[in-house]
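Two complexes come next, and they have one chain in common, chain A, joined by chain B in the first and chain C in the second.
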Partner chain A sequence: MPLLGEMKKNYRVLNQSKPRIDGVDKVTGRAHYAADLKFVDMVYGGCLRSGRSHAKVVKMDTSKAKSIPGVLAVVTADDMPKPKSCAGNAPYMYLTNEVKYAGDVVAIVCAETKPLVAEALAAIEVEYEDLPGVYTIRDAIKPGAPAVHPQYPDNVFTDSLYPIRKGDVEQGFAQADLIIEREYETQYIEHSYIEPEAVVCIQNPADGVMTVHSSSQNPFFTRRYVADVLGVGMNEVRVFQETLGGSFGGKEEGVGMVAARCAYLCRLVGRPVKMTFSREESFLESAKRHPFLLRYKAGVMKDGRIVAWEGTQIDNCGAYNNQTQFMNSRASIHSCGAYTIPNVKTDTYGVFTNNIHGGAMRGYSSPQLLWGQEQFIEEIAEELGMAPLEFRRINCLKDGTTNATGTVLDHVNIQEIMDYTTAKTDYQSKREAYKAQTSTKKRKGIGLAIAHRGCGLGAESPDASGAMAIANEDGSVLINTGLAENGQGLKTAFAQIAAEAIGVPYETIRFYGTDTQAIADSGMTVASRGTVMGAQSTRKVGFKLNEIMRANAVALGFFKDQAQVKGPEDIVLEDGFFHSVKQPETKVAFKDVCNASLWSGRQMAAYEWFMPPACIQDHHTGQGVAFPNYAYGCVVAEIEVDMETGYVDVQKVTASHDVGTAINPALVLGQIYGGILMGQGYAVTEEVEVSNGKVRNQNFENYIIPTAADMPEMDVNIFECDDDRGTFGAKSIGEPATEVVGAAIANAIYNATGKRIRENPANLERVLLGKKLR
Partner chain B sequence: MQKLSYLKPESLQQALEYLNQYNAKVKPYAGGTDLMVQLREGSSRLKDVEYLMDLQDIAELRGIEVKDDCISIGAMTSHTQVNESEVLRRYVPFLSVASSTVGSTQIRNKGTVGGNICNASPAADTLSPFVSLNARLTVVSVDGAREVMVKDAMEKAGKLKLAANEMVTRIVIDRLDGYETAFIKLGRRKALAISRMNAAVAVKLEGGVIADVRIAPGCVFATPDRVECAEALVKGKAPSAALFEEAGKAVSEEMIKRTGIRWSTEYKKPVVEALVQRALCRACGLPED
Partner chain C sequence: MKKMTLNFFLNDEPVSLEIDENARLLDVIRDVAGLTGTKEGCGVGECGACTVVLEGESVDSCIVLAASVEGKHVMTVEGLSKSGQLDPIQQAVLDHHALQCGFCTPGFLMSAKALLDKNSNPTRDEIKMAIAGNLCRCTGYQQLVEAFEDAAKQYQAR
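Entry: the complex of A and B
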């Protein structure tokens, strides 16, 4: 399966780096974000956070705050009819008197100005009674640990338990020549989007409709929270998604919570209300990437075959949760990596603690798992005395083999991608040479990691969507769908897909973004599903509009001079012109047919729904079909370690990904470049430092993300294939772009230093001392 | 954020009068790159402040003057100006290097050397070269002027030993003609990183022997200082990696002597040894690895 360009796909609009629809607005600063919006009579809202990890509000006095001139409202949990949100089995609280983590909100205020909001928040007097808390995975699972939620007395989030039972793991271990066990642990990290959460709410005084302008990743998801807190129908809430300054999974529940509180204040004071988070608030309340405690045990034969794999994957859910029960499905499906192993037994479950909640973050468990698994694979190979590349070749997925869920796979190109990438980087010989280094100053390292990733939602939830396409009388086309632009380039990709399917130029298509009163919910824009599965309905409606307009062209007599044209099947529409199959040189403009269609009352718009074939797994064994197909990737990282300071300099990352069809190659590159840098941060510097639930670093001066100066040289190789199960053959790339980078860096560190980092990230102290300093 | 009044004196005299009038209630504002962050955080050290005094129009605080035996740098000189100054690059290159590692381009354009010292953070990037240069502050009030060594100026982290009506106008440093210098900073990333630790050294070689040396490690003492025992150890000897390893050890011993064994010592001890050794090697043109 070839590199981009080697395979003739014969698309007219796809496979081209069309300019982003929203590109000019963004680079010129013209784009409006939710926090930029201003309305007449607009006032401001703010939140009072306890800062306590586990406590009870004993007494709260809001009288001083209320008496400040310009303060319009102070609301506590006692004032709010429904302070408990609709989200999840352990629901987040809009407001609470029982603090379960440091970001919990105990009061909200509304005032004429932002400084007055701050003054009012400072004037609220609260007396707390601190309660014993539980903070780490290890402590949470100890017998007798304090329970975070009474409905989960041992802190195990039972709804998030996903087992995999494939073959007979006991028999596999009995047969094995060698058994190896290891444990790995990952950290909390923050999405670090450039735009903190922001919402503006306005209520129509006549019909009562609450309009919410928000920085939502999923506007329909936000609508659910607003309707919930207001106790009104969802048709009375209208959410506009404003230009998003990044999300990566972080603006789901978090923005729902902000929007709900803001809408509540808006209705209460009868004026438009803006609520924006400071960076510190964003750190405190937005979900984090779940930390995982990963325990793996493998049984291998001397010839290198893995015959048994056992794993326990425990994630820290934090105080509330609405994601672990979905995320762990993916974590279980991918619990033995990109390898075919006959006997697998893994359990994946979350535990509650008095910490910030874990949530979706670019990868949805895979960066954590791969970071452990891809190091474990190398540790096994080393015990066997086998080169890790060869060991991977023996065990990696191939056509006709099965993964952890027992699905027989096809279109598997992982070995080809791995062989290409390791040859291009001279991986084998560099690795051997670096192993022999003895310098006590600086050493180089090279690391390899591979991954497979189920495309879209798979068995987690139906990957269905709807889309609308409208042709106007001037030949311009509007498309709309419930999927949302999150900065990844969805509007651009969808416009290209619509243009390809309809047969009109990309430039004639507009997609303005999501308004919940203009289109039906199409599920969330998550799981790298937008282009791959979410755009299936856009493709479908494009074909439908093509069919409708061809019928119009024939019925309206545009081909009456061509006797061979009997019906719409005899003409084609491409590049904005109709022509007959037999007489392609005689062209009829799309806009002329549109104009005639309007004035003759013919249909020029369509709405289509796409429902993929079902993915069905047995919940007790995980066996079945988990995803329609998988995307494959390989990353090689080259680094230099300062052996005297522990500083890891990531110098070059070579990333190769199978994207099926590169809808827009420039956007694919953008995803991968960003993904590499996020993966680097995950592996080397990023860690939300929590100490008994308190977050020590709440801003970017001490939460260290890589800067432009830290960016390594990047070499990206895009592979395509002819697997047609995604939209026009596309596969996921948003999450694959970042998921395996950290693991490759971790393996490179080992190559350089000879020491394994089994607790992420590999910061100065861990690399030098092999442990966290405190 | 607390509400403050804004003062913008047009002369040094007026600034000194404001200081004399309002004392601790007035806070001089140089580049604001630390001060504004502290205000936003509601720092307790600013709780009594009522006035911000913007120093940008005061000519006496500007300019770099080279004299026969010293160089005088205006307190309001930005890190960018220090980094780009031809004379500083010629006479004290490691100060220039240190300035280029402060924060980001924007921070270096706004932040000043005077502010960097007066903010009194032990992690300030320019402190160790300044201490190596025997830098002294010109401290002025309506009552007159005095000179304070930078190494003696800090009472504790975040506080200088200045009277409430005094301010720093200039920093005067030695001219290190004939010295080779080096500054090495360890941060957690390549830009926008504070020093986890750093080292500044200046070496004068005569006939293959170290005739004079100054060694100042950064972020290891409560207040910045040179390490004289390490300096004495290498003086009069020929430069070598082995000798500089010994110098590094002398620095780490001094660190432990002064600050005791702390939770971070396990990391800081080997790293400060390495940074000092490397800085000395770099200054003497020896290979660092």
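Entry: the complex of A and C
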């Protein structure tokens, strides 16, 4: 399987680092983010949070706040007809009198200015009765623990239970020469997009349509909450996704909540309302990466084969359900890593606690699982007395083998990627040399981790989408889909895909962005599905427009002088020109056919829907087909540990990923570089510290994400392959880029210090003392 | 809130603005002058999204009292390009794909501007330090550092 450039894919627009479609707007400051918008008569909204982890509102007095001149509205849960959101079985509250975590909102206000909003919030008097709470996974599963939701008395979110039953695990353990058990635990982390949540709502006084300009990752998702809180039809809510300042999974439900509250105030006061979060509010209410408690047990033979694998993967849902069941579907499918094991039994489920909710975050359970699994694999190898690379070679997925779901895999290139990466980094010899270090000052370490990742949504939900393409009479083309630009470069990649399929230059395409009244919902822009599956409809509509325009060219007589052209099948459209197959030197401009098509009333636009082949798993065993295909990756991290302080300096990261087709190599690189730093933060510095539900760090002065000064040297190797199940052969990269980095760093720390970090992150105290100080 | 008149140079233009006495420079730039390219990311001087160049130095405008810039020169991202021509720093960021969501981008551009105006031949480490006060969650900084190295060459040639 080749590195990028070695494989001739013969694309005319793809495989090229085309400039970003939104680049100029972003470097000039012209790009509008939701918080930048201003409207005549606009006023401001704000939220009062309890700050309590579990409490009941006994009494609330809003009269002082209401009496402040310039304060337009103060709303509590008692005032709102539907304070409970539409989100599933344990839904978030737009407003509540029963506080379940510190970010819960008990009142919202609207006022003429931002300072008046703050003044009004401070003037609301609330009396609470604190209630006993439950905060950690271990406490939540103890018998008799206080129940966060009465409908889940033992705190187990039963709807989120996903089992895997493959082979006969008892027989596997009986046969094993060696049985090993370990436990790992991961932390809450914050997405840390640099743009805090922002929404502006305006209601059209004539038809009542509520227009929402928002920092939504998924505008259609936001629309659902706004229609819900207002009790109106979805066609009465119009959501524009403004330029989005990063999301990584974090601006889904959270922004829905902001938009709902803002829209409610907007309708109430009859003026445009802006609601923006401070960074502290963003930390308090936005979802976090779920913490996982991972318990694994493996049975292995002396020759290195893993014959049995048992696991319990429990995640902390927090106070409300935020996608835990979908998260756990993916977690179950990936519950024995990138290894083929004949007998597997794992259970994955979430528990409720009085904390901020875990939610989607880049990787969607995989960073947590891999962090445990890839350390566990090395711990097993060590017990066996086998080199971890050799142990991985024996057990890793190969063509014709099955993963946890029993799916027979093809196009598996993980061993090749791993061998390439370990050879390039001189992994084996460095690892041996570093093991022998005895310095009490500084020690080096090298660590390896591998992963496979199901591309797109798979069996989790249908990976369908729709796209529209419109040719204009000047030959320019507009495209749109229900998928959204989140900063990753989706519009650029989609424009390239459309250009490739239609046969026009990239520069002639504009992607006009997401307005929920301009296009149908195409599902969420999540799961690294945008390019891989979401763009399938863009490709399809591109081919359709190509077909339509070729037919127009022939019907309009552009090829009447070429007798051999009998129909559209005899001509091609590429690079913005038509020509016949037999006479390629005679070209007809796309724009000329477009112009003639318009004035002769011919179709110049198309909408296509793409539905992938079904992925079906048995819910009780997890067996079946979980994903159409998988992306494979390998990361080697090289670090230096300061043995006197516990500081882990990540010095070099070599990341190799199979992306199928690199639609835009510079964008792929950007995903991988960014993913590496996010993985570094996860492994070393980042932890949202919660203590009995209270969040200790609520801003970047004590929540530490990597800066340019922390960046390691990065060597990225992009592999391509000929698996054609994704759009033009593309595979996922957004999440693969970050999911396995933390595990590689954790293994490198062990190589340096000889001590395992089984509780993430490897911050100073855990590296130095082996424990958390608070 | 007590009002005051603030006179300073915004992107080389003299301006006279009625502001709240306790206003932050960031609010004056965004809400009073209406230049929204400068962003608020944290409000405590940690993320650098609000970076502007004040008298040649990069500062976090969210922790600068607006009244303190009386008579001084402030440059924002809107002042970088001249008569429709992108500054070499902006062009290099485009060429290197050194942006994704773009929210932090204006801050990075201004930090780089302050650096390259003072030192058009910085080392890679000097570039990293100059932007270490700007957080970016998307790019991993690699393409930004490469872009600023490239822009430095253009600055040297000027």
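In this text, the second predicted complex is superposed on the first by the 774 of 774 C-alpha atoms of A that agree within 3 Å, B and C clash if a C-alpha of one lies under 4 Å from a C-alpha of the other, contacts with A are read in each partner's own complex, and residues count from 1 in each chain.
Simple rule for what comes next: a residue touches a chain if its C-beta (ideal position, glycine included) is under 8 Å from a C-beta of that chain, and two chains touch if they have at least 3 such contacts.
Please read these numbers as outputs of a predicted model, since none were measured by experiment.
After overlaying the two complexes on the shared chain, residue contacts for A:442 are found with chain B alone; chain C is out of touch.
In the superposition on chain A, A:68 makes contact with neither chain B nor chain C. Legend: residue contacts after superposition of the two complexes on their common chain; A:647 is shown touching chain B, with no touch to chain C. Of the two partner chains, chain B is the only one that A:765 touches; chain C does not reach it. Once the two complexes are laid over each other on the shared chain, residue contacts for A:464 go to neither chain B nor chain C.
Within the superposed three-chain arrangement, the count of touched residues of chain A is higher for C, of the candidates chain B and chain C. Of the two partner chains placed by the overlay, chain B and chain C both lie in contact with A:708. In the superposition on chain A, contact of A:387 is made with neither chain B nor chain C. Contact with both chain B and chain C is seen for A:115 once the two complexes are overlaid on the shared chain.
According to the touch criterion, the shared surface of chain A, contacted by chain B in one complex and chain C in the other, consists of residues 115, 700-701, 707-709. Chain A meets chain B in the complex at residues 115, 118, 439, 441-442, 644-647, 685, 700-701, 704, 706-710, 763-765, 768-769, 773-774.
The touching residues of chain C, when paired with chain A in their complex, are 1, 30, 34-44, 46-47, 49, 76-78, 80-81, 86, 90, 93-97, 99-106, 109, 127-129, 131-145. If you check the complex, the residues on chain B that touch chain A are 1, 37, 104, 186, 188-194, 196, 263-264, 266-267, 270-271, 274-275, 278, 288-289. Interface residues of chain A facing chain C in the complex, by the touch rule stated above, are 17, 19-20, 22-33, 35-36, 38, 115, 191-196, 243-248, 278-279, 486-489, 666-667, 669-670, 672-678, 699-701, 705, 707-709, 711, 714.
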